[in-house]
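We call the chains A, B, C and D, going by the order they appear; numbering starts again at 1 in every chain.
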Amino acid sequence: MAMVKKIGLLTGGGDCPGLNAVIRAVVKAALKDYQMEVVGALDGYEGLVFPDKTMPLGYEQVKGILPRGGTILGSSNRANPFAMQIEKRGKTVTEDRSADAVKRCRELGIEALIIVGGDGTLKIAQELKDKFGMKVVGVPKTIDNDLSATDVTFGFDTAVVTATEAVDKLHSTAESHHRVMFVELMGREAGWIALHSGMAGGADVILIPEIPYYIDKLIAKIERREKYGSKFSIVVVAEGAKPVGGVESVIDHPDQPWQLPRLGGAAQRVADEVSKLSRKDCRVTVLGHIQRGGSPSPFDRNLGTRLGVAAVNLVAQGGFGRMVCLRSRNIESVPLEEAVGKQKLVDPFGEMVMAARAIGIDFCSASDARE
Amino acid sequence: MAMVKKIGLLTGGGDCPGLNAVIRAVVKAALKDYQMEVVGALDGYEGLVFPDKTMPLGYEQVKGILPRGGTILGSSNRANPFAMQIEKRGKTVTEDRSADAVKRCRELGIEALIIVGGDGTLKIAQELKDKFGMKVVGVPKTIDNDLSATDVTFGFDTAVVTATEAVDKLHSTAESHHRVMFVELMGREAGWIALHSGMAGGADVILIPEIPYYIDKLIAKIERREKYGSKFSIVVVAEGAKPVGGVESVIDHPDQPWQLPRLGGAAQRVADEVSKLSRKDCRVTVLGHIQRGGSPSPFDRNLGTRLGVAAVNLVAQGGFGRMVCLRSRNIESVPLEEAVGKQKLVDPFGEMVMAARAIGIDFCSASDARE
Amino acid sequence: MAMVKKIGLLTGGGDCPGLNAVIRAVVKAALKDYQMEVVGALDGYEGLVFPDKTMPLGYEQVKGILPRGGTILGSSNRANPFAMQIEKRGKTVTEDRSADAVKRCRELGIEALIIVGGDGTLKIAQELKDKFGMKVVGVPKTIDNDLSATDVTFGFDTAVVTATEAVDKLHSTAESHHRVMFVELMGREAGWIALHSGMAGGADVILIPEIPYYIDKLIAKIERREKYGSKFSIVVVAEGAKPVGGVESVIDHPDQPWQLPRLGGAAQRVADEVSKLSRKDCRVTVLGHIQRGGSPSPFDRNLGTRLGVAAVNLVAQGGFGRMVCLRSRNIESVPLEEAVGKQKLVDPFGEMVMAARAIGIDFCSASDARE
Amino acid sequence: MAMVKKIGLLTGGGDCPGLNAVIRAVVKAALKDYQMEVVGALDGYEGLVFPDKTMPLGYEQVKGILPRGGTILGSSNRANPFAMQIEKRGKTVTEDRSADAVKRCRELGIEALIIVGGDGTLKIAQELKDKFGMKVVGVPKTIDNDLSATDVTFGFDTAVVTATEAVDKLHSTAESHHRVMFVELMGREAGWIALHSGMAGGADVILIPEIPYYIDKLIAKIERREKYGSKFSIVVVAEGAKPVGGVESVIDHPDQPWQLPRLGGAAQRVADEVSKLSRKDCRVTVLGHIQRGGSPSPFDRNLGTRLGVAAVNLVAQGGFGRMVCLRSRNIESVPLEEAVGKQKLVDPFGEMVMAARAIGIDFCSASDARE
C-alpha cells in the first residue's frame, strides 16, 4: 500500500470547542510522524466545491490555536456537495456538485480526507466513500454528545462548563429573592447538556426532550419547595423540552433561511405558563450560542488532540471508511456506517437520571416525585 | 455624644455581587473596632416591618461569605415601609408602616441603621431620617453603576466580567459562521454594562439607551463589515436600547406583579428587524439575571469591604444622613440628599464613547460612522 | 436481609474537589430513597476514634455544598485506627484503636460505613471489614487519578483545569520574552496531572515520574526550539519527575511531621540545572495545593454525585466490601481487595504519550526526538 | 503645526495583561481618526536599535489581539538605547546606541513615539526627548500598580484576579486540614497585589514590603486562630516582604543574568521559620509569572484601550513629553518628568490597610493586634 502524501481536512456543522485541537493535531502528527502534507478546506464542504477555498496547513498555521474556540477552517451548517445551494442570477438553486468535489481533491493532490463533523457531515463523508471510493476518515463532533459510537464528543464538556457556570450564578441571585429562574440550554433532541449542567449546577427541575413534562407537576414542585422553606427554584430547560402531549406546532420557515428561529421557545413558553397559572415571579435566561464558544476545556482539548492524531494514524494505516472514537479510556475506531444514524439519547430510567432523581431533581414526568 | 451600641443592617433592591462583602465588613469592623452589635433585617425593609425577620450578626454568621454572590440577609425589590404591600384577606393592600419600622428598631435596641441599596432604597432611608430622625448611613449599591455620587458601585465590575465573557465566547463561534450575534445585557436607563462589556469584548456595535439608534445604520454597518471581509458581527444591546423615535409602547402590567416582563425585548426586537430587513442569519442571547450572580470579582469584594468599614466608622463618628462613596482612590462620604435622585448616564460624546468610536465601535446614531 | 437504618460516612486522605458532591449525594439518596439516616465522622478516621467527632447529616447540612471545594467533614492524612497517633503526656505515641472505632459505630447505631478515600484510606476500610466484619462500601478518591479500578477519579478533572489555566497563562507571558518557564504540578508517583495539563496547555516538554529524563535532551530541545524561532519554552514538571539514574536522596524527616517538605524539589532542581548548564533565563512556578482547591468542575461534581448515590444503593443492596467505580460511561462496583494496591501509572508507550509525542511534546527520554 | 504622519510604538519592561489592548487602540485610533501610520518596534527599545526589528501595524495585525495576554510586539527587560548590551566576539559589552535609535526613527519616517512601559522604560523615553528632542508620549504600565501619577495601571486588576483565585482555592483545601498555607505574590517594593488579593481572598495575614513583620507575631496570630477554632491560616506574602530588622543579604549575581533568582525567597523563608519555631504543617505556593499572564480582565482591556486612544490624541494635539493617565473616572495627562521616579507605595496607616485591619487581617507589625 502506497503511503498517502497529502491529506485534505475539513470541519463541518455547528461550532464546537476543540475543533482547533483536532486541526492542530492532524497537521502536527501528519508532518512529524509521516511527512504527509495537509490541506484545509474552508467552510466545510464548500471548500471542496468552490475555487480558492483551501489553504495549506503547516506548523505556522496551527501555532497558538489549541486554546481557541471555533475553527480556523470555518464551517458551514448547510454545505452538502450532493445538494449544494448555489446563488444563480439572484436565486438559490440546489445542485449536485459531488463530482466537482472529487475532481478538486484530485487536482489538489488530496489522496485522503479527514472529515470532522456530526451525523450529517459524516453521512456525506460516507456517501463520498460509497459513490466515489474516496478515502475518508471521520472524527466525531457534536456539542450535544448524542453520537452513539463514542463515549463522549469534544465540545460537550466545555458546553457543560459554560452552562453550569450560568446555573451557579443564578443560584446566588435566586436565593436572595422569591423567584423562579428558567435557563434554556442547547439540546433539540438530546437532553445531555441540560442533564449534566442541571445536575452539576444543583437545579431543582430539569426538562429534557426525552422526558415529556407535566406543567402542573412543575408548579407543584415549586410550591412544595416553598412550603419547605426554599423561596426560589431553578428550572433548566433543554431547547427541545416538550410537555406530555406535545406543543402546538410552531410555524417554521425552512424556505426562508433568514427567518429567525423564535427566541427562547422552550424556556419562555414554560415560564409563561408557570407565570400565568401560578402568578409567580419568573425570569428567563437564554444562553444560546455562548454554549458553543469559548476556550475548550482541557478535557476537550485533549480529546480533540487524541482523535486528531488517531485519525492521521488511521490514514497512514489505510483504515478508511472508519471513524475514530473514545471508548472508556481508549481511542478506537468503528466503521462509518455503524457510527452514523444512531443517536444516543438520555435514558429516562438510566443510571444518570435515577441518580438525579435520588438527589431530588424533578423531571416532572409521570414517574417523578409525589409528596 | 454617646456611642451607638447596636446597628441595624439591611440590603434592599436587586441583587448585586459584593453585598456579602459589605455585610461581613460591617459586622467585623463593628465588633472589632467598636464593640457594637449588629442586627440584620431580612428581605430589605420587610425585616423592619414584619415580626421575626431579623437575625443577630456575629463572626459565625459572616464566616465564608466573602466570595459568595447574593446577600445572606435576602433582599426585596418592592418593600417600602411607607407603602408596604400587605396581604389582607386574599387581597394586596398598600399601607404606611413606617412608624412600625421605627418602633421595631427601638424595641430591638437598634440605634443606627446602615442601609445598603440603590436610589429607591436610599430615598426611603432619607425619608426615615427626615420624618423620624432615624440615624441612617447609606451604602450605594447598583449593578448598573448609575449613581452619580460615587465613581463606581460594587457589583458592576462582576457584571461586566460576566457579560464580557459572554461576548468573548460569541466571538469564537461567530467567526466560524456567517452570522450576526445579538447579546442583550442589563441596563434599562443607563448603558454602562453594555458600553464596558461591548468595548472589552470587542463588539462591533453597541446600542444603549443614551444613544438612540437607526436600524438602517446598523444594517449598513454589518454590510460594510462583510464587504471588508468580516463574515460576522457582534451587536451588544442594552435592555433599554431604543431606536430614534422610540418603540411602540409595550403593555406593562404594574398591577399584576406576576406578569412576566417580555423576554428579550430589545435584542430580540432588533434582531427581528435586522433579520426581516436584511435576511441575515441572526442569533440572540439573553444573559438576564446571570449578570447579577456569581462570586464577586476581587475589585467588588474590596470595594464592598471598604464601604462597609467606612459605614461603621461613619456611625461611630456620628456622621448620620450620609452615604459612603468611592472618589478616585479614596473612600469618602456625601449627604444622602446629594446622593439620591441623580442618575449618572453615559455621555454620548464623553471620553469613553469617543474612545469606543475611535476603535471602530458603532453606536448607529446620527453621529456615527459613514463610509 | 434487614435494611440498614444508619450509615456512617467519612472522607480520608488529601483534599479533592468533589468530596462535598459525594457527601451531599449520600445524604440525599439515603434519606429520599431509603429513609436511612447518615452520620458524618469528622477528620477521617479520627471521627470514629475520638469522642465528639461526629455530626448528623441531613438536608440542612448539605445545602449549598455542591459547588464548594474541600469536605465539610474535614479529612486527615494520617489518621489510621489501627495505628493512631495519640498525644500522651506531651509525647506522640501510636496505638491500635480499631476496636474503639468499631465500638463507637455500634454505640452510634451505625450499621454500615461509606468510606471515601484513596488507596491508604480504602485499605483501612478493607481491614475493618476483614478483622471486624464491618459493613463497608468504598468510594474512590485521588487527585492523582492513579487508581486502577476506576477509569477516572473525581478531583482529577478540576486539578487538570487549574493546572492547564496556569500553563495557558505562562504562554502569554513566555511569548513576550526569551525565557524558559517551569511549572511544577502534583504527581509524586503518577504523572497524570502533568501529562493531561501539559498536553492541554501546549507545553513543549513534560517530565513525569514514569519517564526518567536526560537533562541534556531537555537543553537540546530548548535550543532546537530557539533555532527554529521559538524564543520561549514551557516545561511541565511533575513533583516526582526524576532524571535517568535518579537524584541524590533528599533527607526526609518522617519522625518530624512539622518538617517542611522541600519546596519545589523537582521543578527548581531542573531549572537550576538548565540555568547552570545553559545560562538561560529560567522562571519557576510551584502550584502546590491550589490544585486541590477550588470549586469542582461539573464533571467532578457529577462523578461525585453518581458515586455517592451508587454507594448508597450498594449499602441498600447489601453489596458490602465493594468499591463503586466508573467504567466507560457506567457506574459499577468491584471488590475492595481488587481495587486497592494497584496503582495506575502512565504507560510510557501508551496512546496518550504517543499522541503527545506526535504533536511535538518531548519527554526527554531515550525514545524521544532527535533532530 | 504639521500633523504627524507616522507613529512608532514600543512596549518595554515586564509583561502586563492589557498591552495588546493599548497596541490595538493606538493602531485603530491612529488610522481611523487621523490616517496616521503606525510602526511597531519589536522587543522594546531593541526594535529601535537593531535592524529588521520593526513591523508595520495595521488592522490585520491587531485583529483578535484584544483578549490576549502578552504583547504582539515582544518586550525586553533590559534593552536601553543609552546602555545597550551587545554581543561582541562572544562578550557582552555595553554601548550607547541612542543616536542609532534616533537615526533609525528618522529613516523609518517615524515622527513621534508612543512608549508603553514602567518607570525605567519611561525614563529612557524622557531621556530621548531631552537629549534628542524626540517627540514622545508615554503610556504607564506596571503590574505592581506603583506609579504615583495614575490612579491605577492596566494589568494590575488581572494580576489581582489571578492571585485572588489562588487564595480562594487554598481556602477550600486549607479548611479540610490543619495547616498553614503560604502563597507568594509579586511585589518586590510595593505590596499592592498582596494587599488587594489578600483582602479579596480573605487571607488571615498579609506581609508586604511596606510593613516589616515580626515572626513571633505571625506565629501568635496563627495560634490565636487555633485557640478560637480555626484550624487553618492563610498567609499572603509579597516577594519583598521582610522582617523588622531585615534579612541577611541574599547574594545576587547582577553580572550573571542567567543566575536564577532564588525561588520563593520570601514565602519559603517565612514558612521555614514558622515551621521551625512552631512545628506547624506549612505549605507553600509560588505563583510566579502566572500573575503576568492570561487574558486581561475587562477593566484592564478598557483601561488599555482608553489610554491607547488618548496617547494617539495627544500625539495629534502635539502634547509631547507627556504621559496619559487615569484620574478618578477620567483619562488625563501629566508631564513625563512628573510621572517618573515617584513610586506609589502602600501607606501602612492608609484607609486600605486600616480597612484590612478592621476586618481582622494581621500585618504582624508593631501596630497590629494583640490579644
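Points to keep in mind about this one:
We adopt the following convention: contacts are C-beta pairs under 8 Å (C-beta built on N, C-alpha and C of every residue); 3 or more make two chains touch, one makes a residue touch a chain.
Just so it is clear, the structure is predicted and the values come from calculations on it, not from any experiment.
Under the contact definition stated at the top, no chain borders both subunit A and subunit C.
Relative to subunit B, the most remote chain by averaged C-alpha coordinates is C. Look at where the CA atoms of subunit A average out and do the same for subunit B: the two points lie 35 Å apart. Between the CA-based centres of subunit A and subunit D the separation comes to 41 Å, rounded to the whole angstrom. Between subunit B and subunit D, the centres computed from C-alpha atoms are 31 Å apart. Among all residues of subunit A, those that touch two or more other chains are 168, 171, 295. Every pair of chains meeting the touch criterion is listed here: A-B, A-C, B-D, C-D. On the subunit C side of its complex with subunit D, the touching residues are 15, 17, 19, 68-71, 74-77, 162, 165-166, 168-177, 181, 256-260, 263-264, 268, 271-272, 275, 278-290, 292-295. Here subunit D touches subunit B in the complex through residues 24-25, 28-29, 32-33, 66-67, 151-152, 157, 160-161, 164, 168, 171, 196-197, 199-202, 295, 297-299, 301-302, 305-306, 309-310, 312, 327-331, 351-352, 354-355, 358-360, going by the rule given at the top.
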